[in-house]
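The two complexes that follow have chain A in common; it is paired with chain B in the first and with chain C in the second.
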Partner chain A sequence: MSDIAHPVAAVRVHATGPRSARLLPYVLSLPALLVCIGILVPFGTAAWYSLQRYNLAMPFTRGFIGLDTYLDFLSDPDFWNTVQVSAIYTAATVILELLLGLGIALLLRQSTRLNNAISVALLMPLMTAPAIAALMWKLMTNPGFGVLSWLVARGLGVSDFKWASDPRTSMLTVVLVDIWVYTPFMMILLLAGLRSLPTQPFEAARLDGVPGRFVFFRITLPMLMPYIVTATLFRLLDSIQQFDIVYAMTQGGPGDSLMVFQVRAYLEFFQYTNVGRSAALMMILWAITYALSNVFVKQWLKLRERAHGAH
Partner chain B sequence: MTRETKGERPVHEKPRDLFDAFVAGRVGRRELLRRTAALGLGATAATTLLNAAQTRALAADYNWKAHQGTALKLLLNKHPYADAMIADIETFKNLTGMSVTWDIFPEDVYFDKVTAALSSRSSEYDAFMTGAYQTWQYGPAGWLVDLNEYIKGKSAPNYDWDGVLEGLRASTAWSGKPGDALGGPGAKQWCVPWGFELNNISYNQRIFEKVGVHVPKNLPDMLEVAAKITKDAGGPYGIGVRGSRSWATIHPGFLSGYTNYGGRDFEMQGGKLKAAMNSPQSKEFTKLWVKMIQDSGPKNWATYTWYQVGTDLGAGASGMIYDADILGYFMNGGDNKERGHLAYAAFAANPKESTPTANVWIWSLAMSNFSTKKDAAWDFIQWATGTDHDLFGARKMDFVKPVRTKVWEDPEFKQKIGSYPGYLQQYTETAPKAKIYFTPQPLFFNLTTDWAAALQRMVAKEVPVDEGLDKLAENINRQLKGAGLG
Partner chain C sequence: MAHTDAHSSRLGRLLRGIALTAVVVFFLFPIVWIVMMSFQTNEQILRIPPRLVFEPTLINYKALISGKLVTAAGSLDLPFMRNLGNSVLLSAVSVLVSLVLGVPAAYAFARFRFRLGENIAFTLLSFRFAPPLLVLLPLSLYFQDLGLANTYTGLIWVYQLICLPLILWIVRGYFEDASPDVEHAYRVDGHSWWRAFTRIAIPLAGPGIAAAGLLAFIFAWNNFVFALILASADKQPVTVGALAFVTASGIQYGQIAAAIVLSILPTLALALYAQRWLVEGLSLGAVKG
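So, the complex of A and B:
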């Protein structure tokens, strides 16, 4: 009996080993799967809601309408205004922050004690919650007692500058707040990139007496490009999803002058209880974000390949 | 040692009897004070006895202990009315044997929290604070309990529902059918009025005296007075009104004056809603309103919420406001620079009208349809909106705009608000016609926010008033049609 039992037990032991080994990858990927479900379920729900006429205040009208909400957007001037405002905001903040961040990074390129101290100090706005920064700026731009209003009145002689209260200057105001908060982000990424660049090309250029402008455009900028692309991608994705600064300052006004995607979607859901429209807006924003990410990631991969090729 | 003899009531019951008699109305206030002094009772002991007597009186004809041991949870907005309720919550606990907890949020995020809690069908909260406008969303969505059956069938005998101002009772009841009159046939009582706000003038007497102006009698007069303050007061601007891109910009002074000019938000045509914001009356009023802000409003008007409007008045940065009277009330005390300088007046915007038509904001209490303790929640609501608690809040706390006529007749409350010049008078003149003048419909927040955005464009001179209102009406009609309402 033991002669029979023994080989069976041996086979069992032998079989258990490979089975657990086969299961191990699945077990290890379980947390990732759970996270994936946690992301995909709300995403799928939002996509489903976007295909419905669904206003919580009018439950009797709820029903599947396919792409009607999306098609309605095509003829809705408010929607196109949101696209335009979001595009202007994103372009203005990303371009200006990139230029400023790059400029500051170049100035702080040398790793001296003073430069290191300055670069740390410049990070402080980044540590401020954007909504708090917006409220600070709201006070600073108050025409009655705001320090910036006072400076504009004294320095530029403009006593009636209304900042975020005027549709003509509201975009400028929120872009300034965004620049104040996020330029340090650009600066720190680009500074890290600059300081990690190999020194030989620059030394060779210096020995050859190459003009500074040539060094910048033909050596520094191309070598820094992967960092620029990465930093720009981060800021682009963040800017197009702007909410806190705009909402804290003007709630999307005056008029519809700052009605970016997230603010409109927020209002549609929380104030107007229009779940269908809010979800559709978020799906469009997701599609735009996805497309932009794709472009940038492909660009980044190309640059990386080129860099590897150069090695 | 207590002296007790046969046939004679114990000594400790004498003060108790006295306070019971006072609560029952058999002893007057002066007599109570005299006899309290004769019994040698201090203020603290007297207050305790009074509270206890009120609790016994409430309990006399109604089984307040029916839900003893039940735990209720409330969702509250940070507000002096909520503070008054919390200060008196022990009375409710003693009366009912229930325990009460609450979450309290600032107004900026409060309604988001309510929407999130109700739309998720959470049973966490049994009752909550709301405005009447919000119930136009929450009610038809099935999130609220129609309180009619509780008011009519499950109230304490002394609840005195009819003692609540008629316009407020009607304003918190709606059938759910877009365009139906508030409080009309088949209306469901989505919430119970608790405390409210009248939109009238609160003004700074010091600035008015300095500049030599009178309290405006109507809107054209208000334009002149505000312009003179802006020109001559040496800093302060003339008039504070709300201007942020929000429905809350439209409902206070703007809609009160607009209604006085004969303006309506919608007309009913063949059972459908049609925007009426571009009527001749609307255009006449809006032109004056826009000019008033351009000439004499705050420079950053487009970011002004109730908070900035109020604090500017309290800080002496504005000469007057046309907004909630309680906002002006609170700015006349505390640490405000202008405390003691503010006064109040009723305001009929239309020179051809003598009676104000104040649109009202009504802080109310509603019951969540997802509560598992509805009867217990009703006991809380009827206690919090009942006469006794309202009297406590009005006399002892800042519950300064109670909805019950009986509280307004209370001598102690009258004496308290007497030091706020014109406050009682503006209530007396305005209350009879005070109600919600909006047409109830489920797109209230979208369309009224669009109205505010249009007003911002007109004030910024991006678009002339006539054209702006025509565009607004066109936009609103498109939205109504899209929702099947127009």
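So, the complex of A and C:
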């Protein structure tokens, strides 16, 4: 069945019966509707807060100030630092995870018993809570007994490598944790994509003696592209909002070196009780993710229709 | 490339073996190392260089399970088991509520084309990718007013934001895949809508419902930021509890490692059990595993 509209048309009879039957889908989706409202109300509230001067510590100064908070951001070095840190974090994690994930998927492409066992084993980091993963790496990079600190000191001869507690290497450390957790995500999506590709083009290329590099760039990569785009957008949307790993590792420090959007907004809210600024930061991040997610949903729907149509 | 000339040449196979070994070591070593640490005393942990062979001890797990660590300096309370219990309760109840609410809705979205349904489905999908703090920060203020702050009810309610979209989109795909003809024939025989739904549709989508439930459980279990903002110590799950534990008992490394192992064990076990469905679940049904 290639068209998902078919089953709908076939049962349509149900929806045109007596009045109670016509109401049925609405009744069934009521709880989901309530959850939607549960999301949209706080969302509207956040948008409204972002237009106010609103600090919990100074309730009497609260008032409508329009877009002032947003305009203030333009000349605020802290804000631009957050933009820069988030951009570096997102670019580094997504690009490295895509390359690594694609490489590993290619290595595991053939469905042998060993390859399948490895691909299942690699799921373990992905199933570890990111906040817990950050704690694990914190222990491993502990200057006193951490096995990674010891390896760097012994193997590379660098004795004062301080991982997340040094602003020069903190980004490297959290990116490494992100790679550890999320590369398997890229890997399993791309592996599923690779294994679902039709075999004929590859057979034909093999019979014609087409060199491997040519097969990869002219056949594999183009055919895999929808999967690559979907997996990359998935990661992009998650990575730009990273909170757990950064917060559990350093709470945005040392200094401002890891102040990604959500950590900054969290601290604005709970440390400086500045609800207005925190809400404005979240609205800006939301606008970015909303634009990205529109592209994503189109791509995802295409792939989903293909996956479900195949049956 | 796996099945070109490089694969058959000896050098190619060697390089491939080295690359795979490096991959396996990088992704599995942290877990192995933490598990080893959890069976060591603090003195053993602090030994330089680290050793691979050691005499295992269960004192870390004993301390966590009994909730008390007795040292020369005195006795220390470890509320970690409470966190573990909170994780089980929050994740399990949230998933159950999500299934009860989400499966009928997923059925409605799959079987009836109505405008509101599409709007709800896409609102939930687009907020799956919205920053969680955008919703959580205003909610934390509302929760104070509503008396829901730091209650299991309030937490389970917001956990629906994690579980419900996942269950809706995955289960909807399974209902769409199942042909409606059987249901239709059953209805023509004079059975009610409800009987067709429970006797035909749900069993057909059974594996999908189970998979979506397991995944929702894993996502709920691994969540950190919801409880960080909305729960205080006695309601916190392991993700938040483990972090608080590190801050509170900074140098009890063995217990921290054991707490980490107990926190990740349930999701790892479930993932191994549900691996068949993970690809579909993680991509919300866009990629079939």
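Quick note on the criterion: the second predicted complex is superposed on the first by the 259 of 311 C-alpha atoms of A that agree within 3 Å, B and C clash if a C-alpha of one lies under 4 Å from a C-alpha of the other, contacts with A are read in each partner's own complex, and residues count from 1 in each chain.
We take it that a contact is a pair of C-beta atoms (placed from the backbone, for glycine too) under 8 Å apart; a residue touches a chain by one contact, two chains touch by 3 or more.
These numbers were taken from a predicted model, which means no experiment stands behind them.
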item	value
First, second, both or neither for A:Asn274, with chain B first and chain C second	first
Contacts of A:Asn81 with chain B and chain C, given as first, second, both or neither	neither
Partner with the higher number of touched chain A residues, chain C or chain B	C
First (chain B), second (chain C), both or neither touched by A:Asp72	first
Partner chain in contact with A:Gly144 - chain B first, chain C second, else both or neither	both
First (chain B), second (chain C), both or neither touched by A:Leu285	second
Interface residues of chain A shared between complexes with chain B and chain C	138, 142, 144
Chain C to chain A touching residues, read off their complex	1-6, 16, 19-20, 23-24, 26-28, 30-31, 33-34, 37, 45-50, 101-102, 104-105, 107-114, 116-117, 120-127, 129-139, 141-142, 157, 160-161, 164, 168, 173, 176-177, 179-181, 183-184, 187, 193, 218, 221-225, 228-229, 238-240, 242-243, 246, 253, 256-257, 260, 263-264, 267-268, 270-272, 275, 278-279, 282-289
Residues of chain B touching chain A in the complex	111-112, 115, 119, 136-138, 140-142, 243-247, 298-303, 317, 442-443, 445-446, 449, 452-454, 456-457, 459-460, 462, 475, 482-484
Residue ranges of chain A touching chain B (in the complex, touch as defined)	55-61, 72, 78, 138, 141-144, 160, 162-168, 249-256, 267, 270-274
Residue ranges of chain A in contact with chain C within the complex	1, 4-5, 7-8, 10-15, 21, 24-26, 28-33, 35-36, 38-40, 42-43, 45-46, 49, 103-104, 106-110, 118, 120-133, 135-140, 142, 144-145, 147, 150, 154, 180, 183-185, 188-189, 192-193, 196, 202, 206, 211-213, 215-216, 220, 227, 230-231, 234, 237-238, 241, 243-244, 247-248, 261-262, 265-266, 269, 275, 278-279, 282-283, 285-286, 289-290, 292-294, 296-297, 300, 303-304, 307-308, 310-311
